[in-house]
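I'd like to ask some things about the structure below.
Chain lettering (A, B and C) follows the sequence in which the chains are written, and residue indices restart at 1 in each chain.
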Amino acid sequence: MTLQSPVLVVVIPLIFAFLTLLFGWWRRGLCYPITLVAVSLSFLASLHTLHTVITTGTIHYWLGNWEPPWGIEYVVDHLNAFVLVIVSFVSLVVAISSKRSVEQELPEKIVYFYCVFLLQVAGLLGIVVTGDMFNLYVFLEIASLAGYALIAIGEDGAPFASFNYLIFGTIGACFYLLGVGYLYVSTGSLNMADLFQILPDLYQSKVVLVAFAFFMVGVGLKMALFPLHVWLPDAYTYAPSAVSALLAPLMTKVGAYVMIRIMFTVFKPQFCIELIPVTTILGWMAAGAILFGAVMALAQTDLKRMLAYILVSEVGYIALGVGLANRAGLTGAILHILNDSFMMLALFLVVGAIMYRSGKREISELRYLHRRMPFTMAAFVIAALSVIGIPPTCGFFSKWYLILGAIDASQWVFVAVLLVSSLLNVILFFRVIEHAYLEPDEEHAGGGSELAITIEEAPLSMLVPILIATAGIMVFGVLSGKIISTIIQFAVPASF
Amino acid sequence: METIESIRPLLAVVVTLIGALLIIFTGERHRNLREFWTILVSVLKFVIVISMVPFVLKGRILEYTIISLMQGVSLQFRVDQFGLFFGVLASALWIATSVYSIGYVRGLNEHAQTRYFFNFALCLSATMGIAFAGNLLTLFIFYEILTVSTYPLVAHKETEDAIMGGRKYLAYTLIAGVVILFAIIFIYTLTGTLEFKPGGFLLGRGQSATLIFLFVLLILGFGVKAALMPMQEWLPTAMVAPTPVSALLHAVAVVKAGVFGCLRIILYVFGPELLHNLDLWLILAYFAAFTVIVSGMYALAQDNLKRRLAFSTINNLAIIVMGAALLTPSAITGSIFHMGSHGFMKITLFFVAGAIYVKTHKENISELDGLGRQMPLTMGAFAIGAMGVAGTPPICGFISKWYLAMGCLEAKQVIFLLVLLISALMDVAYFFPIIYNSFFKTPKEAINPYFDEAPAMMVVPLVITAVISLILGIFPNAFFHFFSIASMAAAKILGGM
Amino acid sequence: MFDFILSKYNYWIYIILMMIGFYAMIGKKNLVKKIIGINIFQTAIILFFVSTAAKRGGTLPIVEHAHSQAIHHIHAASYVNPLPHVLMLTAIVVMVSTLGVALAIVIAIYRRYNTLEEDEILEQRK
């Protein structure tokens, strides 16, 4: 059984999605526990996979025992396993916290919600674990379609935002498919490792170059890299709380993972750095993303929308790390996949809790929140500090590596962009913190009289996930040395 | 130089963290219990720090590595003489401030008291972390934690002014943080290590232009917290904070952390030899001297007592940096010792300002006439503190100024001796009138002519710190070999081990 | 020149179809027309894949009586490449699912805004 863990990670949510549908029709209250069981089992399988990879090296799993390149192969190396554990853990945390908000926001659709939720999780996990190009397309579409559906059941404005996302996402996926097609036409193989062997002779071929271009644009659309991010703010703002908490940390990071895979595991690093200056272009787009996201976030009055733009900025960090094309930069990028997942998870869960309790999302409405929801706001502060990059939270350490990579590559503009974005984030978050924590003087002119505001903290099923995410933010920072030396060090391609 | 592995530095940092958590969970409903935690934790911290003194006096270093953060750099505590000096200073003064704070916030019936004490405890943890940091990264981590935990204290009153003051504080310190971060990462690319070594570790590690650039960045960055001009603007604005905050933070924790950082850079990262090679020491000394003179002039112009004290702080911090920049044994010893003596004296002065405010709601110097008759203990303590800052024997300020003067002569730079003398004269000029007016002038309005001090919880600490200043002046080694630690640190740096 | 176009006519057809679909997806204002554009776009890609599988003189890729008798060498050149066909079956399923989800979303939009024109919807959303 344990040998099958790479495939179990994906298969369990898939099967349980249908079980949820069946059992849900019988009794609605069963959906939540079944979902939790499914995602926990998946998480355990992913942990086992990571452990196996750390101890014995890359796993090659042949589906149906068919030999590659004719059969579909699941290849799990350090990068894979790392992202796998992140995705399954974040899904688990979101699943735990989803109960109350789903009951409040989507009471009639609980069964369908959890079914599609599990499909989404299965899709994301499948993208990460597979070693076959077309298989990746299938899982990409599973994840995307589930995403469109999940987003569309949100509040007013959600179906339209989801439709927009659908158009963009389909273009992205189709471009990816075209890329796969071109590669197949020129090489005859769909297996990533196989392509890595065959392609170097074909690097001068126009077909291969165009295929690469299609890949980059397609994946760029999926991961919302500026300027292909247009669908993200609307989609994640109007989606239900549990959905944005699931998609925001994960979808874009999985997209970034796919980009890293294509650039370094299918195509050689030299291809992306020297033959076509992709990394240079990527670096500049990423710098644009970082600044654009931060500046647009400044203009928002809706807290969730502000966070969506910050997400665009964070994707920029990862892309910048890849674009620097040196070991420190890539280490920073991969570490940031972990850190950003947890930061976004914490932030979106907090917004979900605030929505659950007060139904309001405007920043100006956040007054007294530190009395009503002290733990939630404390978690928000810690997550904010992490986005800004204050040690010892995890965000600081990925910024450290990114700046280190930029200095190593002598890219002083990128160093400046990274430093300035920290300061922009300070303004962004302290605006919210000031609203939530500081009260104007008139209200306590009497001095010492605490206003009679009762604590109306988020329910436990939402609070515990928030606290777990926050604990993760604080712990992963200090542990980043260990994480890098055991996992990320091997995840960065050896030629760097 | 032996290195012993010991968990004490970690304990010193953690004890207030635990205290902070206890405070926030005890909350407003059990005030006395909450206050008990504050005092208990501060005393414990002091005891832990003092327990390390015997080791350090014998020349040993206490070390504790928590976890490796990246190749060549760990989250590490290393208690050497300089760090221990700062640690003893901070933890001792914190006990006094804790008691004083309790008196102050109860006397004024302040709001959000739990948040206040919580942040206070966090801030002290961060200060201990800075004091005991073994490398630049650990220092930076705790430095930023200090920034974040002091912000709510500065903006505590939540008035327009307070919020603006908080924003300014945050803007200055976080920009400084970003600048320091860049410099630290750059040093890491140059050397692969960030550990402090007495006498510096950057010698020969990079081109002169790069090293000068890094030095400038680091001094500018740490100089913000140390309130060197032209980065000092946040400090007078931050006087909008409650007085215990001004007292502790701006006499001890934040600004001394800034100066501590500057000195670490000058003495333990760059080192005397490198700075002499680059001729940076003289430039830095001039830079600091400029601040000394200008801040003295500003101080003369202020009517608000706390603002005058703020500029006096800026003045003294610049004296400390100037002394360190001179790079001679006496100068460094005087500089380090002045960190301590100024801490005690300045905190006395700020405590007095707060006591006056709580008792009479007066903030301006022009209103203080005749107050000495009503509050003789308070104003007497003020007199001791003020005269000490000016360098009058037998108060401890005299000893540090003496050593600084000797240092100027050792470095053969008489101009800085002149600067010291001028600043002493300016000190007299802006402190003496306060003392004179309060004791000898007739009050403008009716003042209770009898003994009517501020609440005891405020008066006792300030009297104690004044008395300590006096004792330290007569017996510099009185409390746990304060002075020896400072001179040992200086010798170590120049001995270049 | 003509040779270039004529010999690669399959690619030209797929490109033209793809561009038509792409234009419809982005340029048209009516939501249903956009969906039709998605369909055309994805169909063009499917046609492209399938057309790359064709071989001159190739027949259906089914080996008769494969289990009953020993397999002699199979001349791959005489059979059409089955792999793209199989891949495209999956892609067709994906296309249909996308169509289904898109239409469901459009129904929800219509219920809310009572129109399917993008500009009118944006007007209502202001």
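Assume a residue touches a chain if its C-beta (ideal position, glycine included) is under 8 Å from a C-beta of that chain, and two chains touch if they have at least 3 such contacts.
As the structure is a computational prediction, the values presented were derived from the model and not from experiment.
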Averaging each chain's Cα atoms, the one nearest the global Cα mean turns out to be A
From the centre of chain C, which chain's CA centre is farthest? B
Starting from the mean Cα coordinates of chain A and chain C, work out the distance between those two points in Å. 29
From the mean C-alpha coordinate of chain B to that of chain C, what's the distance rounded to whole Å? 72
When the centre of a chain is set as the mean of its C-alpha atoms, what distance in Å lies between chain A and chain B? 44
Two or more other chains are touched by the chain A residues none
Seen from chain A, its contact residues with chain B in the complex are 385, 388, 390-392, 396-397, 400, 403-404, 407-408, 415, 419, 422-423, 426, 430, 434, 437-441, 444, 447-450, 478-482, 484-485
Of all residues in chain C, which touch chain A in the complex? 22, 25-26, 31, 34, 38, 41-42, 45, 48-49, 52, 83-84, 87, 90-91, 94, 97-98, 101-102, 104-106, 108-109, 112-113, 121, 125
Show me the residue ranges of chain B that touch chain A in the complex, using the header's touch definition. 28, 66-70, 74-75, 108-113, 140-141, 144-145, 147-148, 152, 155, 157-160, 163, 167, 170, 174-175, 177-178, 181-182, 185-186, 188-189
Chain C partner contacts - residues on chain A that touch it in the complex: 134, 137-138, 141, 145, 148-149, 152, 156-157, 159-160, 162-163, 166-167, 170-171, 173-174, 177-178, 181, 184-185
